[in-house]
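The structures considered in this document are given below.
Each of the next two complexes has chain A plus one other chain: chain B in the first, chain C in the second.
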Partner chain A sequence: MAKRTIIPFGPQHPVLPEPVHLDLVMEDETVVEAIPSIGYIHRGLEKLVEKNEWPEMVYVIERICGICSFGHGWGYCKSVEGNLGIEVPKRAEYLRTIWHELSRCHSHLLWLGLLADAFGFESLFMHCWRIRETILDIFEDTTGGRVIFSVCKVGGVRKDISNEKLAEIAKILEGIKKETAEICDVFIEDGSVKSRLVGIGTLSYDEAVELGAVGPMGRASGVAQDIRTDGHGAYSELESFAPVVETAGDSYARCLVRIGELKQSMEIIIEAIEKIPDGELEVVIKGKNPEGNFVARLEQPRGEAYYYSKGNGSKFLERIRVRTPTNANIPALVKTLQGCDLADVPILILTIDPCISCTER
Partner chain B sequence: MAYVTKSPWVIHYDGSSCNGCDIEVLACLTPMYDVERFGIINTGNPKHADVFLVTGSVNEQNIPVIKQIYEQMPEPKVVVAVGICATSGGVFKDCYNTMGGIDTVIPVDVYVPGCAARPEAIIDGVVKGLGVLGEKKAGNYKAAVVQADEEEVEVQSFGETTDDTAVATDKEEV
Partner chain C sequence: MSERKDLIQDFVPVQAADLLNAVADLKTAGYRLGQACATVIGDDIEVMYSFDKDVVLKNLVVTIGKSVPELQSVTGLYWYAFIYENEMHDLFGITFKNLALDYKGQFFKIAEETPWNKGANAAKSVVEVAPATDDTDVATETTKGDE
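Moving on, here comes the complex of A and B:
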């Protein structure tokens, strides 16, 4: 047996903007075991529910993560709305869906860029982020914020997008579609990209099910699970869409799933813009406080997220609990790292699309 | 910007931020803002870096990491606290695992408030930091750095001053 050495990875590492630490047990160039340790970003924000009244808590929840910020706000609102037993107006649901899907587009473009950066394809990274800026411009135009919008509130949304603006967004998206098609071709067909991704970090269907992989990580291994198909928000009224599924389970498959979802998201937004009804933006909630338990689920760009809230009839919720997709994907990451080359470690960590801020909160 | 005669390299560390500021730091490097055209490169090696960009507040577990990166950076160096969490703790100030801004651990030269700090504000902060870097190199700045350990950081702005309130070099203004 070759001599074993331990190589520490992170918490400060050029590939990842976020701190995560892994102890890589090596035999020569091969990773035998990876031991993750987290906790560098733990803030303890679930506890803040005791200090913030429930309508204000949405600002804190949105700051769980700056990438899928809108989804977190929506998940929390859904959970509290369930507790209060209120129906959100249709237009608000459509607007939420549009913003959420735009977040997915920007998140996947961000991820594609970081992946390109991880295997050293600098110009591809720049192109992905260039296209992403167009989506951030839409956010800034419609909500006022680039990364954190604070536009979702319990009972509806804070801002409307006029129908003219929506038509404009649809036009911008047609342009983005063309541009992404170009860069996606590079990811799908380029030989040097394929040589870094195909067959790297394979996760079989059984392993994905056993380890509880969610989101694109699971879907790349054939687990056809997508919470959007449950039909929450406006999704139930949109044409039914099947989850994007690949069966190979390697890094290339995970890349293909995200590319497929990027294209699918843009179709969803365009369809939602066509079908959006006129009407109220919010339900006014007066003299009512949440009471009881409620669980809401959402499909975040990284997978299934789960929001629990417990009210006791006062202005302060008793407990909230969030389970985020990266947390669920870490066991699968540790599994794929076993037996890989040291040089592939950054790519494998990236292919789960880690969001450490979500994980540790 | 007359004093930017060298190409400063930055190193970025995420204290305990929500990612919002981190992706905005990265956005500075990408085509929309593209600071690389001025020779500013995001490096992963503390020993290559002149400017330390920290996002997020500090907690018990990341204090040694922040200190190590700071100590490994060669003199002169500048610390830019990006975002309101790095400045004071921001929305997470009351969290049990948040100890406050970066200045509780290492001396900070420039504060860039905002949630999330916009790329324009971050670039402005780094440019202001470069002024501090120039002063430190000329040896005019040592006193302030030494004082930083004992009392609250008192930093004056160097270079051109504008009315822009997005970036405050003095903590009192934040």
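Moving on, here comes the complex of A and C:
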């Protein structure tokens, strides 16, 4: 047996945007085992539920993450709304869907840029982030914020987007669709990109199911699971919606799924803009506090997220629990690292699109 | 318009002793584990395991005592539950028996032990350490200055 060496990877490492630690057990250049450690930035955000009344808690939950903050706010509101038994006006549901899908575009473009940067394709990284900037401009224009929007509230949304502005957004998206397609073609066709992704870190369908992989990580291995199919938001009123699925299970397949979802999200937004009804933005909730249990789920850019709320009839929830997608994908990451080359470790970590802030809350 | 499957909320109370059988039944029926979490309710802790099949959830709810909380681990059936069970161990002080990958309290690096259930570890040590008899050698704590 070859001599085994343990290489500590992280918590601080050039390829890691956030702290996570892996003990990589190596035989020569091959990883035979990876033991993960997290917990360096646990902030105890869920515990703040004891000090913040439920209408204010949405501001805390939004701050779990800077990439999918809107989705976290929506997931929290959805859970408390379920607890209160209220139905959100249609226009608010459409606006939430539009902002959420814009977040997915921005998240996937960010990820594609980071991936390009990881394998040394600097110009591709810059093009991805240039397009992403346009999405951030739409956020700023419609919410006033580029990272945290604070437009989602229990019962609806705080801000409207005028129909004229929505038409303008649709026009912008039509414009960047062509640019996006050109950049995506590089990821799909370029030989140097393929050489870093094809056949690297393969996760079979059975392994993805057995390890509970979610989001693009699972869908790249053929697991056709997407919470957008459960009938919430404006998704149920779309012409057609089916999860983007690949079957190869390798890093290239995970890249293809995100490219497919990026294009799909733009189509969803354009269709939602065409169909958005006029009407109220929120249900006014007075003299009522959440009582009981409700588990809401949302398909975040990184995968399925859980939002469990437990109310006791007071202004303070007894519990809010957020289970984020990276949390669920760590076991699958550990599996894909087994047998890979040391040089591929950064790429493999990136292909689960890890968000440690989300994971630790 | 499709059915609102997200509004189907199924919470099933389960006795701690029956948990593994209930989880095994769900696994056989093709459910996947979505998440697990704990909530302190007075003198008890409510542990909830959420399972999904065809985007519909089923939640198993187990209630255990808060002072010395213990539960059988489900990692024998769903290995990846180690993520949730280690988290519940660190935040609530719950001991999971037969936990497949036990971080022994090092999963989260937190300033305060078991913040949602303060004193859980101290209560455990009282139960676990056998009372010293007169002829028992009692080790004294060694401080850095003594070394």
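For the reader, a short list of remarks on this structure follows.
To be clear about the criterion, the second predicted complex is superposed on the first by the 361 of 361 C-alpha atoms of A that agree within 3 Å, B and C clash if a C-alpha of one lies under 4 Å from a C-alpha of the other, contacts with A are read in each partner's own complex, and residues count from 1 in each chain.
The definition used in the following text is that contacts are C-beta pairs under 8 Å (C-beta built on N, C-alpha and C of every residue); 3 or more make two chains touch, one makes a residue touch a chain.
Nothing here was measured: the structure is a model prediction, and the numbers come from that model.
In the superposed model, A:Gly44 lies in contact with both chain B and chain C. Of the two partner chains, chain B is the only one touched by A:His13; chain C is not. Judged by the touch definition given at the top, the superposed model places A:Pro89 against neither chain B nor chain C. Of the two partner chains placed by superposition, A:Pro55 touches none, neither chain B nor chain C. Legend: residue contacts after superposition of the two complexes on their common chain; A:Val295 is shown touching chain C, with no touch to chain B.
Taken together, the two complexes place residues 39-40, 42, 44, 47, 360 of chain A in contact with chain B and also with chain C. Against chain B, the residues of chain A that register as touching in their complex are 11-15, 17-19, 39-45, 47-48, 51, 59-60, 63-67, 69, 110, 113, 125-127, 129-130, 133, 136, 145-148, 355, 357, 360. Residues 1-7, 9, 11, 32-35, 37, 39, 41, 48, 50, 55-57, 59, 78-80, 82-84, 90, 103, 106-110, 115-116 of chain C touch chain A in their complex. Partner chain C is touched in their complex by these residues of chain A: 37-40, 42, 44, 47, 78, 82, 209-212, 225, 227, 229-232, 236-237, 293-297, 304, 306, 308, 310, 318-319, 321, 323, 327-328, 330-331, 360. Those residues of chain B lying in contact with chain A across their complex are 11-27, 30-32, 43-46, 56-57, 59, 61-62, 65, 69, 91-92, 94-98, 115-116, 118.
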